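Each of the next two complexes has chain A plus one more chain, namely chain B in the first and chain C in the second.
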Partner chain A sequence: MKNVLLIALLSFTLLFGSKIETEKKIYDTIIHAVLPNYETVRLWSDSKVLLEELGSLRGIQVVNDVHDADIAIVTKRSDLKCDCLLFVTSYPLLKRYKNRAIGGFFWQKGRPNILFLQPNLQKNGIELPPSMRQFVEDDF
Partner chain B sequence: MRRFSKLYFFVVLVIIAIIVYMFVSIDKIENELRSNIQNIFITQAKSLASNIETKLKRTYPEGISKKAFENLKKRIQLQESVELLITPVYQYVYVLYKDKNGNYRYFVDGSPFEERGEFDQKLDVDKSKWDTVYDTRKDLVFKQNLETVWTTLLHPVAYCDETELIVAIDFSMKLPLEVTETIEPLKTLFVYVFVAIAVLVLIVLFQIFSSIKMKKQSYIDPLTGAYNRNFLRDFITAHDINSFAILMVDIDHFKQINDNYGHKVGDMVLRDVAHLFGECLRQEDVVVRFGGEEFLIFLKNEAKNPEELLKVVKRLHATIERHSFFYDGLVLKVTVSIGVNLEPHHFKSTSDAIKHADELLYTAKRTGRNKIVTDSGYQQRCENNKKSIYETKEALEEGRILCYYQPIIDAKTDTIVKYEALVRMIDKDDTVIGPPFFLQNILHTNLYNELTKLVVHEVFATIKRTSNAISLNLNFSDIVDEKLFKIIIEEIEANKEVADKLTVELLEYEVLENYENVKKNISKIRSYGVRIALDDFGSGYANYTVFKEIDIDIIKIDGSIIKDIETSEVLYDIAKSIVVLAKSLNIETVAEFVHSKGVYEKIKELDITYAQGFYLGKPEKMDY
Partner chain C sequence: MKKSCAAFSFLFMSFSLYGSDLNELLEVYKKQSDLSNVTKQESAGDLTLFTRDMLEKMQARNLEDILKTVPGIYTYRSANNLTFITPPTLLRIPLTSARLYINDHDMTSTSFGSAFLIWGKMPIEYIDHIEVYKTSSSIEFGNETAVLVIKLYTKQATRDSGNKLRVVADHKGSLDFNTYSSDILDNGFSYFVYANGSDTKREPYYNTYQSKEYTFKSDYENYELYADLRYKSSQLEIGTVHNRSDSFVGIGIHKTPTDGELDANHFYAHFTQNFDYDIKLELAYDNLEYERTYVDPNGIRISNPMNPPSGRGVIKDYTIAFEDEVYSAILEKRLRYGKHFLLLGAFYKHKEMTQNGHFDTIETPKVNNGLNLYSVYAEEQYDFNPTTRFVFMAKGDFYRYDKVVDSADESVVRAGVIKNFGDFHFKVFYTDTYMPNSFYMLYNPTNIPYKSNPHLKHIDVDSLSGSVEYIQEKWDAKLFLASNNVHNSITYKRGYANSSKTMHSERFELSGHYRFDTKNTLFGSFFSADNGTDVLKSPKYGATLRMDNTVGKADIYNEVLYTSSYTDSQSKIYLPSTFNWTFAWKYHYSKDFSFGLRGENLLDKSCNVAYRDYDTPIPSFDRKLWVNLEYLF
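So, the complex of A and B:
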């Protein structure tokens, strides 16, 4: 049911919302699916634009230091060192951080694409809700 | 006018309908054009997908096996081929396979580098549609709700009835935009056409409005606000006049108002009278200023109820009579004479019906003014073949009015001593019509003067040609009327050498008021040697004082006395007394209506000087 709702949400937001709003909603869903027990999730990103967008979401607290973050969204290649969860915004980055990143969200051919890497989810003790399981890749 | 308005309205409606139809058609045409262009691209895309399928099957003739996945070289070659198909319209061209989890993954992607998926990379797609193609192995084209992709074509690649790959071609959003841009000039052209038509319609509407306004203005008399003759012309053409009664109204003594108080007062009276008409009459009645102070009114008479109509006419008449006209301290009272033609349907044309109303107005005016004269007896008069003024005028102009001559016999010698000229109208069908049928209507008109002149002229011409003495009938009023008397005197003057052969027979039935004038004018006539006879003596207002005032040469004893003289002693005695009176006054006598030998004998017995009647000779044309 939640799966249907997510798809409906994606379709609705694609139809009537802007790309940014869609992104915000998808990130909101992903972050709270990954960290379901966090009342406030501390978020860091190397993209100021993304931080501004996501900072307005309820239950998200933007932090400046990646070491204070619960989850980091990486948009470009870097030697990032932190213990927080890593999420990327492109397929090449996902390959780059394939041993650390729990997943990625990016646009391809106008379509929103979500990928979760099962090994890294497991490493971090994350169990996604059933609605998200279709996006999980066992082998990458 | 209404007919024109309806026509204009219809034309405008048709133009608007055409514009609306064209506007709706433009959208339809645009949609059809868009659909056709899109179909061209979709058909082309299907061919491309088929070509890719062919290429795939040539490259992997035995299907997509594990080996195929591992042969990187082949896939790169294939990808290079697919890349060639990318255009601004075919934004993404790629081939996906379905993994064991039901996810779709890239096999080959010819899309631009930044959007290119890697081999085996999962692509989140609308699985329901992709699965349909996968299962049915049929092409599917569907619209996308994506920002950059407008439509997607899915083409299955099957091996042995098993779909192994799906070729996908995403159409760019540029396609519909390009179609729109292609159609745009056409739409712009149509908009210009619409604007041009709209402007034309506005101009036409303005012209129609101006034309109606001008036409309305051309219908209105600016002084009185009543309709004018322009309107009358169109009105009688467009309306069934039989549903109206026709009134001809004339303001009495209007010339005196103008002469005494000036034209401004005259104009005020005309304006106010027209205004009073408007107040008294109904919406469906029509008031036309016919001439100077003459108004023509059409009273709606659908009920054909003359009593009701006459009530309206009387109310109109009384309203004007009661009204006081004020101008710069002046208070004027005005009356009107009205001729009412209640039965216009008796006439051949509207023009004749109006003329008849005019005749009735003349009757009202000549019989004292400030009165209403109706034509309730018109039908009766028609039956009596009475001729209208206009028929009489026509006859006069066509030379169909002439004199017949009845011999007057000396009762002692039984010889013709003179003739009485009797005016006759020869009708168009050669019927001879006597004066009672046409003379009455033209009394007090210029036509009567013209006719009198003609008769006097003809009588003198006959006297000159035949040397016969001729008597001529005139009314006392003819002698009193200055204009007519002048005409008569001019004719006598012109023929004074034979004037002594003329006898003027004066009809006595009219009451004489001004003896002085009569005396003076008769003396003038007599001064030329013309003899004066008193016609129809013994009937009507026989007034013996006439002998004291006027010199009379002959008395013509009325036919009503003579015709029964043979059988009636009273009439015999009356005739006898007239003869005695005449002899004592040294006046000759003429007996009229001598219709038998017996009557003629009595005439001789009574020693009446002359006799005249059908027994002695009928009125006939005189042969020269």
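So, the complex of A and C:
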């Protein structure tokens, strides 16, 4: 039954929803999975577009200074320094931040991918829900 | 009240499931992000779109696999083993009326004015999606004029970084190997490199003449390399292909070939620079070489002015070679202001054609001619209100040949309106255009093996087309109608000449989708045409039924192409109705490895063609079973 409902929801989303809405849902799921106990997550990004999109989500507060953030979503910058969680949006950036980023959401091999790096999750004491463990890898 | 309850339940359901399955969200995101959403142009013509998802489910191997499923046109094998297309009732449309683009590069040759000689069966593993525009003016694509535009968009490093191997083989011994590698480098460069090698075996057919048997062979081989290098706003594409194909029935008087082939090479480079303020500059170079041979011991009829009074001759051995060079520069500027969207563009092309031949004992010398083609064009789209858009386009083309051939100034005008009424979408367009002439028809001082005509005028076409589409959540339906008038059409009777007759044709197409859900879709279309005469050279009615499904880890694709029976007006041969059924099944063993089967023409009833001077129709597509292996790494 759950699958039927899910398919109905996704059909609706595909036909009448937009790519941006789906992207927001993906980030929302990821952010709340890595920071499950935060009522409000402070988010920073080097992409204004992404900040505008995600800032409208419930439970997300956009911050201007990366040092105030709980999580930073990096789309371009390759020299970011902060104590917050780092999540990237491209494969080259994931390689660049291999030792720090908890993961990335990026296109590769013709499909959108989500990848979490186990060593960096461990470093930050993050335990993902069981349904998301399929996206966790030790290396890439 | 019921509707409000349903909406509330749906919202509740959405929240309860929100984010519950990232895999499903990724699947939806992938479909919504299809590159065709960015590239397709609704105002450019009647669009048939093949998304990446569709191409992958079809397990299509080459362009012919795609073109044969386009509603409203038939794809068939010509007597000399080329891929030809035609609307219902006609034998074929002029070679120059269809143009093929890979990204923004026009693949058309100079001599023949068509890309189908070399690219008709091109592999499509490196292609992301395909757009086919019918009744187009092609101005939006900023290049030469055509009424049928086929746009192929390659995969890009931004989405396809990684490597892929694909091997396809059939039960007749064909083998098709594809590989690509793509990456985004730390220094900002990205690349996509593709290679293909294929050897396709086809069913032979036989002809008996004076107790001797002759074989119609149509095997072909293709070897292709493509590279795309990008850095910021710059892109360099380089492609090269070599192909060889048998000459099939050939052009002999009695259709008794003993040898013959087309041997072709095409190299091209295309540089694109996007500047600030929406300015785009493209520079391109093409070099094409092809050699066509026919060997028929019982005679091939050719034009031969040295043989009066008939001006014709009969030979057994025919070789003609062409070499083309094309230099192109295209500059475009896009402007948006208020409700207006304006495209301004200009291009210059210099084309060179060189040809020579060997016909039994006759050697024709190397001759060449050049064409300088200048073009300016503009397109204005005005959003009158949120539901109404007016479109107006105009183009001027100026042909200046190096020698002998008459200069020509041509214009193209297209005007239309796109209007939405609730769930209904209307489009009406009027197009006044022309079809460029093939170089080989215009210039050939020896007049062997055909008699050219340097005073040939371009074929003029005016068309009125309209469509109405009704879109619902689960289904949509579209009715498309077009009426065309063709003036100055070209005939060959002891030489190329324009006909004074105006040809009128009409065609319609009814099509629709039913979406069971995101992964299961049914598509159907029914189409026909009338050429204003009783002449029938291809089926009057056609239909397509396509269904793609996903069951667990398997993709299933079914396609049935129907053509009605008819009696060919030229040969008087009766051709029965056909049902060409293709079935494809692909199993995704993992995200990176999949294998599949594709059965083509399973009922052994594919579209038949009656060739001149041969009394048995021949199917254009073989009954075949392909095995497909794909690995991403």
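Assume the second predicted complex is superposed on the first by the 118 of 140 C-alpha atoms of A that agree within 3 Å, B and C clash if a C-alpha of one lies under 4 Å from a C-alpha of the other, contacts with A are read in each partner's own complex, and residues count from 1 in each chain.
One rule holds in what follows: a contact is a pair of C-beta atoms (placed from the backbone, for glycine too) under 8 Å apart; a residue touches a chain by one contact, two chains touch by 3 or more.
Everything numeric here is computed off the predicted structure, so don't read it as measured data.
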- Based on the superposed arrangement, let me know which partner A:L115 touches: chain B (first), chain C (second), both, or neither? first
- Query: Regarding the shared-chain residue A:L51, is it in contact with chain B (first), chain C (second), both, or neither?
  - Reply: neither
- Task: Examine A:T29 and indicate which partner it touches, taking first as chain B and second as chain C; both and neither are also allowed.
- Result: second
- Query: Looking at the overlay, what does A:R96 touch: chain B (first), chain C (second), both, or neither?
  - Reply: second
- Message: With both complexes superposed on chain A, which partner does A:E137 reach: first (chain B), second (chain C), both or neither?
- Response: first
- Check the contacts made with chain A and report whether chain B or chain C touches more of its residues. C
- Residue by residue on chain A, keep only those touching chain B in one complex and chain C in the other, then list them. 11, 14-15, 19, 91, 108-114, 134-135
- Note on the structure: The answer for chain A against chain C in the complex is residues 2, 5-19, 22-23, 25-26, 28-30, 32, 90-92, 95-96, 107-114, 131-132, 134-135
- Query: Within the complex, which stretch of chain A touches chain B?
  - Reply: 11, 14-15, 19, 91, 108-115, 134-135, 137
- Query: Once bound in the complex, which stretches of chain C touch chain A?
  - Reply: 10, 13-14, 17-33, 37, 52, 155, 158-162, 164, 184-186, 473, 515, 517-518, 591-592, 632
- Show which residues of chain B lie in contact with chain A when the two form their complex. 91-92, 94, 103, 111, 115, 117-118, 121-125, 144-149, 170
